[in-house]
Amino acid sequence: MKLTYSLLAAFILCATQPALAATPLWWSETMPHPDPGGATRHSHGGPVEIRRGVYYKNLWLRSGDGPANSSHVTSFDGAMPTLVSVTGEVQEIQGGNLHGTYGVNFAMPDEGFYNLYLVAESVSDGTRQVDAAKSEVLKHSCREGHDHVKGLMAPRHLDTIPLELVRERMDAESFHTTLGFGDTVTFQVLHFGRPVAGAEVTLHTARGWRNTVRTDDTGHASFMMIRDYYPPWHEFERRYRQDYLVTAAYSVDGNGESAGVPYQSTRYLASLNGSYYPSPRDYRSYAYGLLLGVFALTVTAVSVYFYRRRRQRRFHEVRFDEKN
Amino acid sequence: MNSTPTDAAAPAYNRSRQAREAETLLDRIEDDFPDNPQAMRYFYDLFRNVYCHGEPVRHQGTLVGTTCIHAPEELIYAFGATPVRLCNGSYHYDQIGADFMPAKSCPLVKATLGSLHAKAAVPNTQSLELIVNPTTCDQKTKASAMMEAMGYKVHDLELPPAKESEEARLYWQRSVRSFALRLRELTGRKLTRNNLKAAMARTARAQAAFRTLHQLRKSAPALFLGKDAFLVTNAYFFDDIDRWTEAVEQLNAELRSRQTEGFQAAQKRAPRILFTGSPPIFPNLKLPLLIEEAGGVVVADETCSANRMLYDMTAVDEWLLNDMVDGLADRYLKPCTCPIFTRNDDRQRRLLQLAADFNVDGVVYQAFAGCQVYEMEYRSIADVLAAQGIPMLYVETDYSPDDMGQLSTRIEAFLESLKTRKRNKQ
Amino acid sequence: MKRIRDAINGVDLRRFRFWLQLFFFVLLVYGGYLAVNLGQYLPTFSCGFNDAGRGGICYLLPLQHQLAMSWRTLFGWAGLMVVQGFLFFALWFFVLNKGWCGYVCPLGTIQDWITSLRTRLGIRYSRYTEGQFRRLTLIKYLLLALMILIPLGIGGALLPHDMGTPFCDICPGRMIIPMFTGDFSQLTIDFSTKTTTVMTALGLLVTGLFLGGAFFKKRFFCFFCPMSALHYLLSKPALLRLKKDGAKCTRCGDCYRVCDMEIREIADEVKDPRIMQDDCIMCLKCVATCPEPGALKATFAGITLFESTEQGFIKRMNQGHNDEQHPH
Amino acid sequence: MSYFAGIDIGSTAIKAAVVDEDGKLVGTRIAPTGSSFHKNAMETFEALLAQHGIVREAVKFITATGYGRKLFKEADDSISEITANAIGACEAGRAFGGVRTIINIGGQDSKAIQIDANGNVSNFAMNDKCAAGTGRFLDVAARNLEIDLEQLGDYHFGGSGAPLTINSTCAVFAESEIIGLLAKGHGKEEIVAGIHYSIARRTVRLAKRVGIEDRVYFDGGPALNKGLVAALQDELGRELVIPEQPQTTTAYGAAVLARSQYLDE
């Protein structure tokens, strides 16, 4: 359903939009069409392809306001995407056609978070728009163990990025932590590495709900994830993974010229994608659990008690079967 | 009711037949052998006092007679009562008891019945309030009714004829539990954890002393003779348990010093004998004495008047009454090598192990004429021992002294052949 | 040397075991706080769900995870990983054999604590009849088979994915061990899917049963433990061994009496010196309760560590000795 | 020349034997035990010495055996008759090619002995208390039938009918059974044969207890009874080896033992 919808949107956009629109560009894990070969596998960092033991990540560039209203970008010929590996190594990687639309594929040999950036720039009506799409991808396999996790948890940013969203870590977050309904997620907005106050940060959920807040003095904005999943109870899927998109917009006045076109102000538009799941609070019940446990305990105790009382009788009767 | 003796006048024990029987034997035990351990004095005197002078059996609280090793004495002690084992070895009482039993029956059972029937019997157990009669062999089982007819209160402690099966074990545990109920009724006391614990500790201490003595007999050349060992264990039948234990501990200490001194109670070449079968019970120590008079030495035994009575100890996992009583029941059933049980492979293995541990040269198997179970096990035991190359002498006898000459020939011939074997081995 | 040996053989095994078990319990349940990490191939119930405190992870968790990989992966390169994991597990196991159960396993230790609580309350234990024993003893093999087959079925897309760790779902260790670090989150029923609802409900039923059962029956759960079954399959070459000299055995049944696992062979078998049975937890209580010198012994790589002795037995069974009465 | 003597003081007869330095049998003598057997034993021993012209001092070692061995104080050592019998039979049996099983029927007991090649006893069995199957049993029977003990053999072969079955194993009950059979008009021959078979059966059962191996040596007074020998061979299913003087084997054994003991020291 969701897929058809986005495909339709993609069709429309591809047909009508030659260059960049005012809507943000963002990275997405969602394929342009259903997985043809079933090559992807689920991992703690979302879908990956595993070739000879090495994890590969596919990300597609999409454009639009939130996961519900975005389309895959068929081609892109701006700057090359930048990948920051776990070790901090910055490199440009080649994007291109990936299963039909523009996307990137990169290897993740190390455990930890990889950051992928794409910066695009255009001028229209005297306003320069700088798009900075970012994706933070986790590579984790439990086989690698969990000892090293703590040192790899801290979020990172690049000072060269005009506007960047950084997701703050939650309390006791580990590679296994997922974001659930009711959890609060906090982002920091950085402008060339410095926090920005008053930037407009918008969270788009998969079903189209959005909320906008302004960053505080330290550039932070927080959202509480809303419940966004209402299946019939028997179809409830605990591992139902949904994408959210968070964008930050920040305008700066100032004349300039970009590729020969002058402008009077600049609008920075940062994007960051992520995923969230139903909250365990929605499907886990202590009450029933304890009830059942206590029930079993009581039944055991009572049956042992009665068994022992019965054993006190002088002897057990021997019975014969009268049939035949 | 003619039998529960009430005459207050002290009978002339030292002139009675049974006293003479005991006296003669004690003289033989004491005088015919040099180098009796000093600590044996206690036991010689004890036997003289009890058997020749009719000193009453010492006891605290109710005196409860037992007719077999299967009666758990710890339970009796726990109820503040004292057990006394009634199994008797006197030819005199054997003849009295012959009135109750068929001619070809076990002299032990006959003598026990005879002593219960006799007036002023020794050991003097005049105040017997209950007899616990485990249903072991047919003859003991049938003795219940006869003892009741004599006016005694008898508790049949039901023992299963097999010990391997779970059913047998549970049946026996239940028997022991009902025995505890009977004791409660008799004594009017309650079984408590502490009482039973203390009772078990008493027996365990006695058993530990016995085990030390038993291990000391491994020493080669022997530190002391089997006739004394039998006397010690026979004293356990009726002696005060704490007094007995102390005496045995003293004996152990003396034997240990003998060990360090390198003392030899028998010749270096003396054949080491393992005694098995029907129990030698004072004053019927005929066979062990003949063996040792002929130059052998009884170093170990597998009989219910000694080893089988005291060797196996009780284990408890949780010191709760339920577990303690079941533990006791198990100890009195599971390791028992009595031939009344269906299988006897435990007895075979026990004999082989004793023979190996005690460096035994030969086995003497005593079967009382009329003790069918021992007679029946003879063949299987003989086969097992023969397979291991251990010579065995099977002796069928009873309490009468008239086969002494014939027995001594056989025993001497057996010991001579053992000596030859030993020489040839060297 | 002899003195040392006598001291070892005369040890109060109950106390020794209590402290050793406590040590291992702290190590495996709270070791995580002390940066202890023994890896994820431990042959004992060091529960992986105890995120914060665990000092290592029970092998059954990664095993089930690994087996749930898609068949293409499992029978490809990842198969080697499974084999490697198994080898690590086996190496750990070979050191202590089933001593892991009797001395290390936190769930076993918890059961022993429950048992001692019961003893203090003066309530007697229950035993199975031999018929029940024979039937129940097979359950652990069934659980082991299911524990392997269900994840394999998932890997082959034959079964729903949320059954990934079927044994952990019903293992009482998952509910109980995390509680020791204040994590009660496992005590819930997960209604998210039908499978999880059923599995978590089963898990809590089993937990209730576990607590009740362990109260009345010594080492109640060990009887059904698939880890125990897996151990037994590997136990032949292990270094720690339980041996019996049948010739010295009097079949007094003392060892059987105290055996938490009610293993009859320990008392009755007199032919095979390798006496360890599949239910054995190697607590060595039997050795401590055997009055026959050398009849039972625990050896490590052929060296006798602990053997039954008369003196040791007498010392240990001297519980009821009243010192005031006999000051010896 | 040194000599060595063995004296077997049995319940019915005293047997004495003397061997020389080389262990060769010099001579034997048999006399009834009587009531004062110590005196009789001395007389028999001295008579034997006189018969062969041996002075008392030349006898270096005397070994006594038999029931009266402990009371014969003149002996240097005593040995049980089983051991003595075994050695005697082993030595005497060499002439027959060696024996391994010995059946001895004495005055009041019967024995079966198994020996190894050196004459060491490896196993033996003896009748219990009761006199059934012993020489005494034959005595009683002969008296009841009013025939001489020596005649029993002839009677055994003299009968025309099948041997009768004597059921009683006890000497006392057998006595009345024999009288009963006589009263019914059975011939003495059949009765004698019946008695022999009865003894033979008991003896074979005894022998089977120790295991029958190789040649079987039969000694003791009753071995002179041809009828008993025949019955025994019948029951055993094999030939018996019988020495010339079956009564003195034990005394001979004692003498042999006296020699080796003397030489050992």
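To keep things simple, chains are lettered A, B, C and D as they appear, and every chain counts its residues starting from 1.
Heads up, the rule we're going with is that a residue touches a chain if its C-beta (ideal position, glycine included) is under 8 Å from a C-beta of that chain, and two chains touch if they have at least 3 such contacts.
From a predicted model like this one, the values you see are computed outputs, not experimental measurements.
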B-D compared against A-C, more contacting pairs: A-C
Chain closest to the middle, measuring from C-alpha centroids that were averaged per chain: C
Centre-of-Cα separation between chain C and chain A, whole angstrom: 42
For chain A paired with chain B, centre-to-centre distance based on mean C-alpha positions, whole Å: 86
Between chain A and chain D, centroid-to-centroid distance (C-alpha), Å: 112
Contacts with 2+ other chains: residues of chain D: none
Overall pattern in which the protein chains touch one another (line/ring/star/complete/other): line
Chain pairs in mutual contact under the definition given at the outset: A-C, B-C, B-D
Chain C to chain B touching residues, read off their complex: 119, 122, 124-125, 129-130, 246-255, 257-258, 267-268, 270, 285, 289, 291, 310, 313-314, 317-322, 325-326, 328
Parts of chain A lying in touch with chain C, wherever the complex brings them together: 41, 50, 52-53, 142-143, 145, 147, 233-234, 236-239, 278, 280, 282-286, 288-290, 292-301, 304, 308
Interface residues, chain D side, partner chain B - complex: 67, 79-83, 109, 118, 120-124, 126, 128-129
Parts of chain B lying in touch with chain D, wherever the complex brings them together: 369, 391, 396-397, 402-403, 405-406, 409-410, 412-414, 416-417, 420-421, 424
Chain A contact footprint on chain C (complex, rising order): 37, 39-40, 62, 65, 70, 73, 77, 81, 126, 161-162, 175, 184-185, 187-194, 196, 200-201, 204-209, 211-213, 215-216
